[in-house]
Amino acid sequence: MAISKQEKKELYRLMALNRAIEERLTILYRQGKVVGGLYRSLGQEATSVGAAYALRDGDYIGAMIRNLGSLIVRGVKPREVMLQYMARKEGPTGGRDCNLHMGDMSRGIVACISMLGDLIPVMAGVGLALKKRNQRNVAMTFIGDGGASTGAFHEGLIMAAAMEVPLVLIVENNGYAYSTPTSKQFKTKDLLVRAQAYGIEAAQVDGNDIEAVVETARAGCEYARKTWKPYYIEAMTFRMKGHAEHDDASYVPKSLMDKWRVKDPIINYEKKLLKAKVLTQAEVDAIHKEIQSALDLEVDAALNSSFPDPAAVGDRVYA
Amino acid sequence: MPVMTYLEAIKDGIRHEMRRDPNVFVIGEDVGGYGGAFKVTQGLIDEFGEDRVMDTPLAETGFVGAAIGAAYMGFRPVVEMQFIDFIACAFNQITNMAAKSHYRWGQQCPLVIRGPSGGGVSGGPYHSQSPESYFVHTAGLKVVMPATAADAKGLIIASIRDNNPVIYLEHKFLYRRVKDDVPGGEFVVPLGKARLAREGRHISVITWGAMVHTALDAAGQLEKDGVSLEIIDLRSLVPWDKEMVLASVKKTGKVIVLHEAPHTGGFGGEVSSYITEHAFSWLDGPVRRISALDTPAPYSPPLEQAYLPQAHDIVRVSRELAAF
Amino acid sequence: MPVMTYLEAIKDGIRHEMRRDPNVFVIGEDVGGYGGAFKVTQGLIDEFGEDRVMDTPLAETGFVGAAIGAAYMGFRPVVEMQFIDFIACAFNQITNMAAKSHYRWGQQCPLVIRGPSGGGVSGGPYHSQSPESYFVHTAGLKVVMPATAADAKGLIIASIRDNNPVIYLEHKFLYRRVKDDVPGGEFVVPLGKARLAREGRHISVITWGAMVHTALDAAGQLEKDGVSLEIIDLRSLVPWDKEMVLASVKKTGKVIVLHEAPHTGGFGGEVSSYITEHAFSWLDGPVRRISALDTPAPYSPPLEQAYLPQAHDIVRVSRELAAF
Amino acid sequence: MAISKQEKKELYRLMALNRAIEERLTILYRQGKVVGGLYRSLGQEATSVGAAYALRDGDYIGAMIRNLGSLIVRGVKPREVMLQYMARKEGPTGGRDCNLHMGDMSRGIVACISMLGDLIPVMAGVGLALKKRNQRNVAMTFIGDGGASTGAFHEGLIMAAAMEVPLVLIVENNGYAYSTPTSKQFKTKDLLVRAQAYGIEAAQVDGNDIEAVVETARAGCEYARKTWKPYYIEAMTFRMKGHAEHDDASYVPKSLMDKWRVKDPIINYEKKLLKAKVLTQAEVDAIHKEIQSALDLEVDAALNSSFPDPAAVGDRVYA
């Protein structure tokens, strides 16, 4: 299914929104308004937005902490993100959990936990439930090059392969796990080989090319919906910031940053769409302006919202 | 009322729920055609098919995780650990994923994790553990430990119907040794209600799981000496029946908390402290704890007997308390 | 004596042992050039090289397992959990492999697993846990929780020299907030010896980790009311200093056990029960426990404050006890 | 390094001894003398004996519960095995642990635990220690097709590959994990593919052909000693008994049992050595007679030994 002109514009807008929200959060972080750490997806927006864009009604997503783009695509509102990062009462977790640890099954969103890898078997279980219901949908989730070393990654894929369930796993190979480069994590060229170990169909994609990501993810989801089997996508991308805002990433060689800076997924896509006349410069400007003025309101609203009532601390431990 | 073994009663409860609710399914290693290492699920596959009695690869984190995902989707998985000791391999999924999802994001996770626990069968360090204390300390989990066949059924049904993750610890020593009247069909024993296993006058013994039977043994022996034990079978540790316990303590004034798990950091400390906190003025002596030793569970019978609490330990401590 | 932060003191202790014993090495995620998420190991790689300050893949079972293997071979690995919460991912290796090897086959396993624990920094459910109770219940492990910079150094050295697996729980809130005189060079604080953090007359507060400081706060407030707290910092929970605790209890007759971990099944129950068992006749009131709530650790500051024990909780309970 | 005539005789004798000990244990089990379960390696003796036979002085082994053959090769005496299975005081664990859970670092033997897979990272750590000492030896361990699904398997291999340590892993693909056939565990043809996922050198071998096992294991150990890198061997074999003596394995199709029965590693090797005149029938008979009369003594000694003193139960929790 080719990507329509309208979809291209939307993809551009979604990536721009992804980045704009994070930039606002960075400002709020510096102002001491974000509570705790801030995890950026700078440079990885195409993977996050593009993968989720392949989803349909009834599909499920388990986003990780750099997958703001995915959450936006699946209907999470900027306000929710702001409220969550500022630990407010009206945020999606009522201030109980932080950053993108948020879920809402009514919108098909499963919350992650910090322990990397553990969402993979859980999303395999979501896939199992879909199959049990005979519902032709997928359960998509993400993992980093770092998280791919966990036992949960292995056991999750083992389960998905054995049960034949429509799990779509996006492996974001972004060069580093915190300060540890992939060369210290594994000796293979990439992580695509891992899928073969489980007999899982797989593809590799340029994670900075949004259209390629959308097409690959659509093909993967289609396959999973049709066969009930898992699909594995390795997106090659790069983390253009430190692990979190407090980390200046000085351990990343400048040459590597420079190499990837020119591959910026948003700037390049903008150029491409302008060149292809899908967008005009005026439209681009309008998109950004609209995003910014909307975010002004969201940030204000979030800043003016209240913190949770301490009396609520003991609520909701049990269903 | 039909007489069933403890093992049959568990199966009867699971079968009853599977018939009642199509969202209930069983998942674990060798639970299908083989019927599980102890045959608890034997025959279920014939009635419900492979889709609802699922054999898995050897991957505790994998299949517990998958069960959690299915639970989020509205299913009610009943996960078997082949031996409960292997629950350590899924510790993170249980304590961090399942236990916390309702608190964090309001998502219920109706899930039962069950399996053979406990010692007395020379299983050695990895086939004898009584791991309840690891889970009682994790908010969001419930913990259930039946002592009788009727409770085994009524509690597994309540656990499956509960909207929270429940750790249901069966005692492998009781599987075929305990047999009692078990109501057929619908039969629910609510979580959090203890059972008065024996009425007595002098000392309250608060216990659970297989130790209920050891306490009953001791009570028989002590009766001759004129020491009368009241035995409370907690049935579930989270939630636990504080009211029945306090009422008994206020009656007897003397208490033994008895469990099979090792001593230090065992749930006995919780029960003992709670009693002291809430019934201090009624106590005629310190709450005493009797438990297994602080060692791994040894394999050789003489060592295992020395490791596990025995009736004579209860007799000895009861006499000390009676004289206090 | 040099003044060091709690964090510097940990590093000073590790460095001292690495200089003294070539078998000591550090292993974990980002511990090398990055110096660890909190920079506890910063600079060690410059002095000792990559072979002794090893960055690993993101695999807690993998690197804890590898450390166990190296420990069997005579090395003394110091494993860092990036946050102690991730220790749940290595639970089986720690509780079943490392803890039990000496009992089972006589093989010692000198290993330290350390990492940032505790709350108060809005870390949320997965960056705030105080998991000591999971480990105190596992025979074969030792559990250490320093409250001062000097102890942080003296205890990490004792932990590294110990021939058993030691869970060393640093408190992230104290890393840079606590600063005190720390002896340079050789300095060992033996495991199992508590510290009298404050002498007092009326109530014994038994505590550990960051709560020592909260208790000191409360003691200052209560002094004005004429209520004098004696504060005992346990320093290590396995083994724990029963003698010092009993001596204090026999002096004051009133006790608070205070900890940061959730309430039910916390180590407070062990300490409280033990005291009641061994000093019942000296108690002028029930041993009271103060702890975090039975919930996951919430993220938002007002919730986290309500969750964690605060000085005013100690003040309140102390007044109640004083009036008993 | 070709296998010498003398070595061939020894390999035959070791396999025969492996089986003979287990047959004695089966008798003792039926007599109620074995405490707890009994786990046989019937049909897999060539893998167990052959892999360990490739080891040298200074190498380490982590045997699993079906690797009696490996333990014998590495110096464990039949008496120790009897004492252990009968839970006696003088057994290797003093009655604290069961079956082949036994270790002795002075003989290079690391004890396994029941939780499958967990010995792999531990043996990677033994390999790490060897490398740290600059000692050109290997750390060998085993896993089944079932245990290969564990997270510990994945994390152990990840660690071995990343640290480049001389771990030699023997994957015994014996058709079943308890009652679960490999077809329900994974969809790939075999488990050799898993090694590639980690960039680990690997080979597959007929696990019922002792000479092939020895040669492959020698090559793997040589590689590991020389490069410090891990090596992975998949041995194709079959479990000719139930999971344990209480399990009649009725879930295994008769045709499968029949197919593998004719591949019996000991019978076939005996035929081969007789035909090649490495052994005469008289020598074969002598080997068996010697084993049996030695075992008569061992069994008697074990039966007459004492159980542990209950007073010792609390000893040795801490070093």
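Residue numbering begins at 1 within each chain, and the chains themselves are lettered A, B, C and D in the order written.
One rule holds in what follows: a residue touches a chain if its C-beta (ideal position, glycine included) is under 8 Å from a C-beta of that chain, and two chains touch if they have at least 3 such contacts.
The structure displayed is predicted, hence computed values, not measured ones.
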The chain whose C-alpha centroid lies farthest from that of subunit B is chain A
Rounded to the nearest Å, the gap separating the Cα centres of subunit B and subunit D is 36
When centres are defined as mean Cα positions, the distance from subunit B to subunit C in whole Å is 30
Whole-angstrom distance, CA centroid of subunit C to CA centroid of subunit D, is 41
Each of the following residues of subunit D touches two or more other chains, namely 93, 96-97, 101, 113-115, 149-152, 154-155, 158, 162, 184-186, 317
Subunit C touches at least 2 other chains through residues 56-57, 59-62, 85, 88-89, 92, 96, 100, 103-104, 125-126, 139-140, 293-296, 298
Among line, ring, star, complete and other, the chain contact graph is complete
As the complex stands, subunit A meets subunit D at residues 149-155, 158, 161-162, 184-188, 193-194, 196-199
Per the touch rule above, subunit C residues touching subunit A in the complex are 29-30, 32-34, 37, 55-62, 82-83, 85-86, 88-89, 121-127, 293-296, 298-303, 305-307
In the complex, the residues of subunit C that touch subunit B are 85, 88-89, 91-92, 95-96, 99-100, 103-104, 125-126, 133-134, 136-137, 139-140, 238, 261-262, 264-270, 272-274, 276-278, 280, 283, 285-289, 293-296, 298
Residue positions on subunit A within touch of subunit C in the complex are 35-36, 87-89, 93-98, 101, 113-116, 146-147, 149-152, 177-180, 184-186, 251, 307-314, 317
Subunit D contacts subunit C in the complex at 92-93, 96-97, 101-105, 110-111, 113-115, 118, 120-130, 132-133, 139, 151-152, 154-156, 158-159, 162-163, 316-319
